[in-house]
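Two complexes are shown next, each including chain A; its partner changes from chain B in the first to chain C in the second.
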Partner chain A sequence: MKWLLLSAALLAALLAGIVLGPAAVPLSDLLHSPIVIDLRLPRALLGILVGGSLGLAGASLQSLVRNPLADPFLLGLSGGAGLGAVLAIALHAGGPWAIPLAAFAGALLALGLVFRLGLVGGAELDPRILLLGGVAVGAFCGAVMTAIVSLAEASELRNAYLWLWGGLSGASWDGLRVVALCLPIPVLVLLAAARPLDLLALGEEPARHLGADLRAVKRRVYLAASFLTAVSVAVAGVIGFVGLIVPHLGRALVGGRHLRLLPASFLAGGTLLVLADTLARTVVAPRELPVGIVTALVGVPLFALLLRRWTAY
Partner chain B sequence: MDRVLILDVRDVTFRYPGVARDALRNVSLGVSGGELVALLGPNGSGKTTLVRVALGLQAPLAGSALIQGRAAAAWPRRELARVVGVVPQREDNLFPQRVRETVRLGRYPRLGAFGREREEDRVAVDRALERCDVTGLADRWLWTLSGGEYQRVRIARALAQEPQLLVLDEPTASLDLRHEMELFELVRRLVDQQGLAALLVTHDVNLASRFADRLLLLSDGNAAATGAPADVLRREQAELVFGWPVAVSSFDDRPQITPLRRHS
Partner chain C sequence: MRRWAHRTHLAGGVIALLGGACHGAARQPAGQLTLTDDAGRPVQLAGPAQRVVSLAPSITELLFAIGAGDRVVGRTVYDQYPPAALQVPSVGDGLNPSVEAIVARHPDLVLLYRSAHTDAAAQQLEQLGVATLVVRHDALADIGRTARLLGRATGRDSGGQAVGRSLDSLLAQPLPPVRTRIAYVVWDSPPIVIGAGSFLDELARRAGAENVFHDIATPSATVSIETIVARDPDWIAVVRDSAGDAPPAWSRRPEWRAVRAVREGRFLLLPADLFGQPSARAPEAIARFIELLSHRPLAT
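Presenting the complex of A and B:
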């Protein structure tokens, strides 16, 4: 029943993303209109993949660092990706792939740096070190990025700034294909870690006593979730709040067992992002809001509600 | 009855890195099926360290810690979890959970391929709930349980592992009299009826004396005494280890220790 609801919501969001838009497309022409086929459909599908990835990564990382307030971008990825993108913009790197590739490289660099910090002194990805390392790496990248932005020209600055708030306007079938190719392995890795993640919620030592090989599990989960986030940030910028709120929504809907929570977070994340993107495209048409603004505007009040529920525990 | 030695710790010496003195010195400890052994000693005497060495979480400097004849540290964690169930002193509950869900986690080391739950897993969970007398709580949220109920649920989770050795680290800390007694009775019953081996770390000397088959009294990393309660809980011994004057009496043929007032 709940799964039906989640799937129906995703389908409805997909439909809304295809039907609604500044250009009126008659329903009878829906499948023939180039606006739908070349623009709205790949964009909605990309929204599903990116939102789903962020939801899934958020749910996994919250359990990994044992902190319900963790967000995939908390671990420094947004800073690294932003730095990469801003560098590409400032250096006038050409081609449609320059910014995504630079952002992806920046995110991977930050990911590697935080991962390495998590192993310092024989620590096995200690959640505290991961969180603090993520914040530190993010802050460092942010400083460099702001330095570059402050030296850049005004028009470039606006581009860079908007890119940082995220958006799906760059969606294309080619980009969609690349993303679709990147997802299966990390998604499977995370789903396979569902049981050990259940144990990890009890604490590291209890999880070990129950038979979890934490060393391997933690590395796998960290790398897979971060990779998903890096792919998302490369194609859609920094879309905040999806990875933070969706896992809580998922827990409220299907409970805390990761075998259910992880797929539910993927579905809910996809739904939320496509809806947010549809809003971002339509409310100020023909102009467009960065989708990260919409997710924050919707997400913050929603999150406040969830926090109230949280204190009831 | 022929008892099988499950935990065999021999002459273990252990020292934490960067610390000048040994945390454990030549300590031995054996626990067999159908036997309840209590580990006693003042704070900082090495009880938790000994348990960690016994479970393979710390490698000893000298000596050996064997579980079913195999070095504890050499066991893959998942395989070890099928033999040893541990109820650690502390755990968190990051996200809200119901009793049955948390007991189900005990099946993790025995789940089949792809972590699928089979009929035998459901049966084992039901049986564990029943043995710990928490079947009626199965659908309750963990945070609604009392301290005593929660401890019984945690033991049920360890039993769902279907272990041969149960290790409990101060399971009755902060429990009231009735819940403490219920817990000791439960552990004793499991040992007698299921033939489990049990290692119990506790500060309750008198209950340990009444329920355990053997005691190991640790003092400053050394085994001060080991054996039947009557041999371990002698007055001079206890006064020396605990650093407080005591009187020893007898109840149910087991020694009972009463700490004395200093100026009485």
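Presenting the complex of A and C:
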């Protein structure tokens, strides 16, 4: 029943994303209009993949660092992606895909750096080291990025920050194909880690006694979740709150067992992002709101309701 | 020292009030100037400013246009035009001005573009005893007014009047009929376009091109690509620093191919030194715009 509800919500969001938009497209033209076929449909599908990835990555990382505040972007990836994008703009890297590719490379660099920091002195991805390392790497990348923006004279750089908040406006079938190719492996890796993540929730010592190979599991979960986040930031910039809020919604809906929580977070994340993007495109038309603002406006009240329920016990 | 500055400032206010009541500057002490800036503040100058720091590229350009270029002792790092302005030392970023770098140029007048950031800097400079004049010229109609104000402030009245008259006669001309429809795209992801609040909207209209986003009142706004598709402009206008006639890199991205003007390579590549800011060269910009509209589409 719950799964039916989640799937129905996702389908409804997808439908809304295709039917609604700032341009008036008659229902009879829906399947022929290039606005729908080339713009709305890839954008809605990309929203599902990106929102789903962020929800899934958020749920996995929250379990990995055993902290309900963890967000996929907390571990420094947005800083790395931003730095990559700004470098691409500053160096006048040519080609239509230069900025997303550079952002992806930057995010991977930050991912590697935080991973290495997380292993420093045998820390074995200790949550505290990982979180501190992520925040530090993110802050460092952000500082370098700001330095480049304020020192370089290219006027385009003044718009470089905009790219980070780009949202789903760059969606196309080509981009969607690339993302669809990138996702299956990390998604499967995370789903396969569902059982050890359940054990990890009991604490590291008990998990080890129950036979989980924590070393390998933690590395795999960190790398897969961060990779999903890096793909998301490369195609859609930094979209806040989805990765933070959706796992909590998922837990409220299907409970904390990861084999249920992880798929539910993917479905709910996709639903939330497509709905938020549809609102962002339509409520102030012909203008458009940054989708991150809408995810916060929609997500935070939901989150507040959840907090109330928790504290009511 | 500080108290003294404070007191003359008060006296200035009183003189401004008296001046207003008595209709004219004739009763002021010889050489003294009282101006009202675009923040509505009375600004008291002992005489025409000799050392001026300009904190906006458009202000620098206007100073050179009215013949006050020799008075400019500081500019922003973003200044591009005229070439002579680049000989003047830069004091950095005009929107987040460095008060220290400005004061080091020993200005007797600092010109700022009005914004929330610059209000604080203006206040700081006033406290240090440096006179500031805050201007805001966004529309074509503001250029002449600002030119006249700058002319008075720098003792180049005739230059300010000449620029003012040139802009007045431009604005007095009837609008040409709309021959084509355009959209300015200033950023591709998220797509940001120019609205009616920008002088670029007016420049296009006076060149016989209607901005399809004229209904957006602000200078710029984020829109969806599908809105651009639906409004179907004949041309996409792009303001950019680089020369050459290659279409922008983003025009090869598949989502942008949904826009007819992008598919057909109908780009108006506007050089930033002429179109990047409202200036006394608005008539020249309009002529260039008309000329570009007669060009053939670019190969994409």
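Methods note: the second predicted complex is superposed on the first by the 301 of 313 C-alpha atoms of A that agree within 3 Å, B and C clash if a C-alpha of one lies under 4 Å from a C-alpha of the other, contacts with A are read in each partner's own complex, and residues count from 1 in each chain.
Just so it is clear, a residue touches a chain if its C-beta (ideal position, glycine included) is under 8 Å from a C-beta of that chain, and two chains touch if they have at least 3 such contacts.
Since this is a predicted model, take the numbers as computed values, not measurements.
When both complexes are overlaid on chain A, the residue A:Gly211 reaches chain B alone and has no touch with chain C. In the superposition on chain A, contact of A:Leu202 is made with chain B only, not with chain C. Look at A:Ala103: by the touch rule set out above, it reaches neither chain B nor chain C. In the superposition on chain A, contact of A:Gly256 is made with chain B only, not with chain C. In the superposition on chain A, A:Trp163 makes contact with chain C only, not with chain B. In the superposed pair of complexes, A:Leu111 makes contact with neither chain B nor chain C.
By the touch criterion stated above, A:Ile293 is placed in contact with neither chain B nor chain C.
Greater residue coverage of chain A by touch, when chain B is weighed against chain C, goes to C.
Taken together, the two complexes place no residue of chain A in contact with both chain B and chain C.
By the touch criterion stated above, chain B contacts chain A in their complex at residues 55, 57, 76-82, 84-86, 88, 90-97, 101-102, 105-106, 108-109, 111, 115, 143, 157, 161.
Chain C meets chain A in the complex at residues 77-78, 93, 186-187, 189-192, 213, 215-216, 221-227, 229-231, 241, 249-255, 257-258, 272, 276. Interface residues of chain A facing chain C in the complex, by the touch rule stated above, are 21-24, 34-35, 38-40, 42, 94-99, 150, 153-156, 159, 162-163, 165-167, 169-175, 281, 285-290. The touching residues of chain A, when paired with chain B in their complex, are 63, 66, 68, 194-196, 198-199, 201-203, 205-206, 208-214, 251, 255-257, 259, 313.
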